[in-house]
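Letters A, B, C and D name the chains as they come in the text, with residue numbers starting at 1 for each one.
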Amino acid sequence: MQVTRRRFFRVCANGVAGSSLALMGFSPGEALAETRHFKLTRSTETRNTCPYCSVGCGILMYSLGDRSKNVRSRIIHIEGDPDHPVNRGTLCPKGAGLLDFVHSPNRLTHPEVREPGGKEWKRIGWDEAFDRITKLMKDDRDANFIAKTDDGLTVNRWLTTGFLAASASSNESGYVTHKVVRALGMTAFDNQARV
Amino acid sequence: MIRDPQDLRRYTASQRVNHWIVGMCFILLAFSGLAFFHPAFFPLAMLFGGGVWARILHPLIGVAMAVFFTLLALRFWRLNMMTATDLEWLKRAREMMDGDDHNMPIQGKYNGGQKALFWAVLVCVLVLFVSGLAIWREYFSALLPIGLVRFASLLHAVFASLMIALITVHVYAAIWVKGTIRAMWYGTVTRAWAKQHHAAWYREMTGRKS
Amino acid sequence: MTQHWEDIKNADLILIMGGNAAEAHPCGFKWVIEAKAQRKAKLVVVDPRFTRSASVADYYAPIRTGSDIAFLGGVINYLLTHDKIQHEYVKAYTDFSFLVKDEFQFADGIFSGYNPEKRSYDKSSWDYQLGADGFVKTDPTLQNPRCVYQLLKAHYARYTPEMVETVCGTPKDKFLKVCEMIAGCSTPDRTMTVMYALGWTQHSVGAQMIRTGAMVQLLLGNIGVAGGGVNALRGHSNIQGLTDLGLLSNTLPGYLTLPGDKEQDYAAYLAARTQKPLRPNQMSYWQNYPKFHVSLMKAWYGDAATKENNFCYDWLPKIDKLHDVLQVFEDMGQGKVNGYVCQGFNPLASFPNKAKIGGALAKLKYLVVIDPLATETSEFWQNFGPHNDVDPAAIQTTVFRLPSTCFAEEDGSIANSGRWLQWHWKGAEPPGEALGDGEIMAGLFLRLRAMYAKDGGAFPDPILKLTWKHRIPANPSSEELAKEYSGCALSDLADPKDPTKTLVKAGEQLAGFAQLRDDGSTASGCWIFSGAWTQAGNQMARRDNADPYGLGIAPGWAWAWPANRRILYNRASSDPSGKPWDPERRLVFWNGKSWGGADVPDMRPDAAPAENVGPFIMNPEGVARFFARGGLNEGPFPEHYEPFESPLDANPFHPQNPQAKSNPAARVFKGDMEAFGTPKEFPYAATTYRLTEHFHYWTKHVLTSAIIQPEQFVEIGAELAQEKGIAAGDRVKVRSNRGHIIAVAVVTKRIKALDVAGRKVHTVGIPIHWGFKGVAKNGYLANTLTPFVGDSNTQTPEFKSFLVDVEKVKG
Amino acid sequence: MALQSLDIKARSATTTPSPQIRKAVEVAKLIDTSICIGCKACQVACMQWNDLRDEIGSNHGVLDNPMDLSAASWTVMRFAEHENEEGNLEWLIRKDGCMHCTDPGCLKACPSPGAIVQYTNGIVDFHEENCIGCGYCITGCPFNIPRISAKDHKAYKCTLCSDRVAVGQAPACAKACPTGAITFGAKEDMLDSAQVRVDGLKERGFQNAGLYDPQGVGGTHVMYVLRHADRPELYHGLPQDPHISPMVSLWKGVAKPLATAAMGAVAVGSLFHYVMKGPNEVSKETEREVEKEGEQ
């Protein structure tokens, strides 16, 4: 008889079964074996766009709860949007890890100030932050605004405060930022497109 | 407790304690080991508090057994040196098994079978200890080539089975030969027992010639 | 991108050069793989490193960093000399036959009109010969030695395969193999697409590199067709949108531009930008500039913008010069800047020569950082040992750090590389007290406005009159802002074809920029985004992914500018008679009455082919330019110049002319020229780049990214490593003339030494992503090493080519 | 016991058959290494879906990270720089992880009932709550995949996202893969698409392109398309002909019944010996002799 490896395995398997039979019911009860439950079943799905590169992949964000009044939403999972024509559900290593960006331990949570020469941050409220910053801005603008050049040209610009805008923020944020920055007369104004 | 002043002392208390420590280790190891070896025996793991405890305890008990078996072997190895008489005894072991010990050579403290068993168990313990270390995942397995671990696993299983068989024989022999077990319970045997089974030892112990 | 991501699947050949799409844009790169699988397309990668893109390429050719113009110039030369160009296309759709002024000259690396003191050109000679009719003179036979074709041929005749090998280090056989593959796309039924990114832009001749790539594509007839184009793979998710919205020192939304000091007269400002056609029947779409500009000013200043006050023209700042970031940090370092606001921007990490940037920030009176994350910039004053060795006590800047939301916590749209504006929805509340960028801007603006209203101050008008019609003024909603930039009618708009009919009622959203008026009756904050939010609602939120023509165009998905057009210049996908070049890829064609097809035609819909309206409708010529005229600062034809830090002593094309070694028109600040290193001291070429595991300086704050690429490293070729006794895993010190970093050495066969101009050039690869804030292991900011010089047009810094030395760190 | 969302075909350390009647579609993951760019999206998608976060390690002079599979890294990219016969560089990148063998060595070796199961769709899954931490699965695996956690001493590995597959979703890695190097579907369909890809590679000049679906383990439910199928070892040591080691086969195969039988035989033999031969008692004769001696 030709004993192939497969046949050999089968013989062994039968042997195992047989030897157990010989032990007459001295056999363990079957342990429960079940897949992990699908963790998103009743979470809330929100569509968004990956904030990293310019492919603009569609993402689905899953959050805890159903947005009822007493539940605080928290995003618990993010994956690709299969309907999106470009990424079709796929994500790169950065996009696939977006959840860890949203919940990064280095997210800022409150306004802070570091005073001149200081070595640490001091927590402040939004009102204090806005008041102090706008005071500094107005003082600088009022002192250094150039309405006309020496040779009499109307230029209405403010060069001594600059602004960098975020090319990961939305068009709407960008638009309102542009409006405010130009209304103030700033020209030292750029976004990441410059680099 | 001396039952009969005529009885002969076969084992000291410390020898007996040593033996039973090894014996208990063996039983625990056999039960937990069998649980890992064949699913039919897995419920034995419940004796240890479940599979995880069995997995944790088995190698620790194994180390304990190795230590105490070493002590035991140090105590007894000289007594188990094989002699020509032992070989003669082994040749005639079948007659013995058939219940006829008339032609068996005169035996000292241990007969050829016992000595053979001693050495066989010693080899088993050695192999089980070394191979057991190799398959002790928590500390050693990751350091060894996988082929070696696989070989050790097989070896461990084979020698464990062998040892269980040997110990079964050992236990059975003690049961079969009436008057034997008490030697390990309370250290003494009757003079008749000694004369019957270990005549040379009997003479040695009693100073008699015949 | 002239195309969009999914269109790449229509290509027959994909050239990745000056970029590394597989690594930086993996999900877009899938369409390259799709082209390979479905069209049996080939992928060619030309890069100093054997990148992840190269790992799946059909052909890889190495190139020395910074020498791409030489390579592509060589390709142009090959295509012209082997007659591998799409004749009908170039004849009809480019300036091949246009005659150039006799004064235009090129000699030993320098074009006519150069002023070496100012390091700039007088571009007046860089133009066409105009006839008495005001149109450009042409020679359809292409025989005139002054026609663009002849000048082009002469210019690139010097770019022989031998010169390419000398300059680029690309072995001649490999270069020719690439040429051969590219030449295969000169027929109408085969297209090549070009994918590039910062590997082209971050050079002192970056814009010209991109132009050279575009010229190759024009020769092949590959612009405006499905599967063609020149595709800028942009870095950030909305860098396209912010550029479109003009958040740059010299621009306004929709690529309108700020006036210069001299442009005191509004009419003259408009006239200079309202270009008359240079050839008969051309659309010259910028003729509509006044409509766009007036609508912008109405959007910003509402009723305050009147015809009488030139729609508040004077309220816009005028610029004396480009205040790009390099200029601003130069000024900052000189103490001329007092305040700086960084909204989601980390300049300490992102700009060249970290020491200079940090020094400049320390001279500020106040710095405001608005960011979701704790950036290096916000802590530039803090000592982080060798990674940021500063004395906090000596830095007198007041630093504010304001927490902002991230994408997941806000509604709004962002524009991808394919110019799609895609709406997204908020999924959760931000952590702690974080606010959205818009809310923060409102917080600043409303307080400033209140102060100016109360106390007055310098030129308060634009602040007091800025439109701010938000239901919650302190929190302008994304919907309101989107409607504002898309645009609405301010009074009833009469139908130009039938004035008795009203096209759009006052207050209604506009359908698109075609409805904009220059009389103040329309408002649109960004004309190219006009139509994003119409009367029918938010077009950017559309989610129909159907692709009816199978060309990968889903017109019902989101909204693309301009006018939901997915492929720019798509009229060029058909021949002059309006028939598709390739019947398999019918993008836009003439159906006998009008233009139509898979995409929104980039053409007046009723412009019959016989009218000869060129497909490049934004150019007054109506055709594409090989000869850039005054469009770029270094010259009308791209010429190879060495990086400012080059391993060579001279430009091999002009060995005798030191003026022509590096970009003669690039701006170099005092002190920065001295900070350039020499090959004697810093013998190795270096280039910085991104890794697929990380995104700029953000993902070092992201646990999963930190796990898959935890620690700073540099890549060193096996040959150089052996020479320097460096083994993989050793710590090495990489030094430039501006500073040093210490990192782990990854020794690899993927970076090879190249034979360049008779010497061996090693390249050291420097991934950027690490810094002194984050969950990944702290490291040095890579821009400690990079030089403070930029492209002369864009001022994008030369991060891709500089010089370093490398040594093993002992112990 | 609840009816599982996936039927079980085999269960570790269980001697009776599982319910066999319902037939499920056999699934497989096909990994085309020729279009894998090693971006590690699969690694991150795996971490995200399975709620795993490994330690932040160090750079060891290569791009690989984490450097090896671990209890919290169920898949890692393995990079190999290979110079081919023409002297051209090939960067061979392979996603390493559980192969989901048809004949799983881990399951064979596992002593704990239900700690390792094989579903009828081919997925081999670990159930850590039943795991006793012995590490036999590691010993049994021909691909060196399972890892025991130092924290809880349980074995972990890729589950092929059995929880996702159970509800009709693809594994997280397959869904995320940007280039489509990982695809997921019925094994039959995956074999078809593998053929198309292999043909494509051959057209592009890779004459030795082929599918890696090693029959030594009965085939796998994670398969590779390789440019160099003749030399799988180029791909960071992918085994040429993997199979369950004969040692393991003996140990967890024939040795089990044989040894059990042998041990049983010894015990039963002893019993019968006693029954047949009776006890070995001290003979009356000896007793008398000893008594006599005692009297002297």
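The rule is simple: a contact is a pair of C-beta atoms (placed from the backbone, for glycine too) under 8 Å apart; a residue touches a chain by one contact, two chains touch by 3 or more.
Just so it is clear, the model here is predicted, and its values are computed rather than measured.
The busiest chain interface, judged by C-beta pairs in contact, is A-C.
Most remote from chain B, judged by the distance between CA-atom centroids, is C.
Chain A and chain C have centres, each the mean of its CA atoms, that are 25 Å apart.
Centroids of chain B and chain C (each the mean of its C-alpha atoms) stand 83 Å apart.
With centres defined as mean CA coordinates, chain B is found 66 Å away from chain A. Centres computed as Cα averages put chain A at a distance of 35 Å from chain D. Residues of chain A found to touch two or more other chains are 16, 19-20, 23, 27-28, 78, 80, 87, 90-97, 100. Of all residues in chain D, those touching 2 or more other chains are 13-15, 39-41, 43-44, 47-48, 112-113, 130, 178, 180, 256, 260, listed in ascending order. Shown for chain C are the residues that touch two or more other chains, namely 26-27, 30, 692-693, 703-705, 708, 775. Residues 34-41, 43-44, 47-48, 53-63, 65-66, 73, 81, 83, 88-91, 93, 178-180, 197, 200, 203-204 of chain D touch chain C in their complex. On the side of chain D, the complex with chain B involves touching residues 13-15, 109, 111-113, 130, 132-136, 138-139, 144, 148, 153, 245, 247-248, 250-251, 255-256, 259-260, 262-263, 266-267, 270, 273-274, 277-283, 286-287, 289-291, 293-294. Chain C contributes residues 22-23, 26-27, 29-30, 33-34, 36-37, 40, 50, 52-56, 58, 60, 692-693, 703-713, 727-730, 744-750, 775-777 to its touches with chain D in the complex.
Only residues 1-2, 4-6, 8, 11, 13-16, 39-41, 43-45, 47-49, 103, 112-115, 117, 125, 127, 130, 159, 162-167, 169, 172, 175-178, 180, 243, 249, 253-254, 256-258, 260-261, 264 of chain D touch chain A when the two sit together in their complex. On the side of chain A, the complex with chain D involves touching residues 5, 8-9, 11-13, 15-20, 22-23, 27-28, 30-39, 77-80, 82, 87, 89-97, 99-100.
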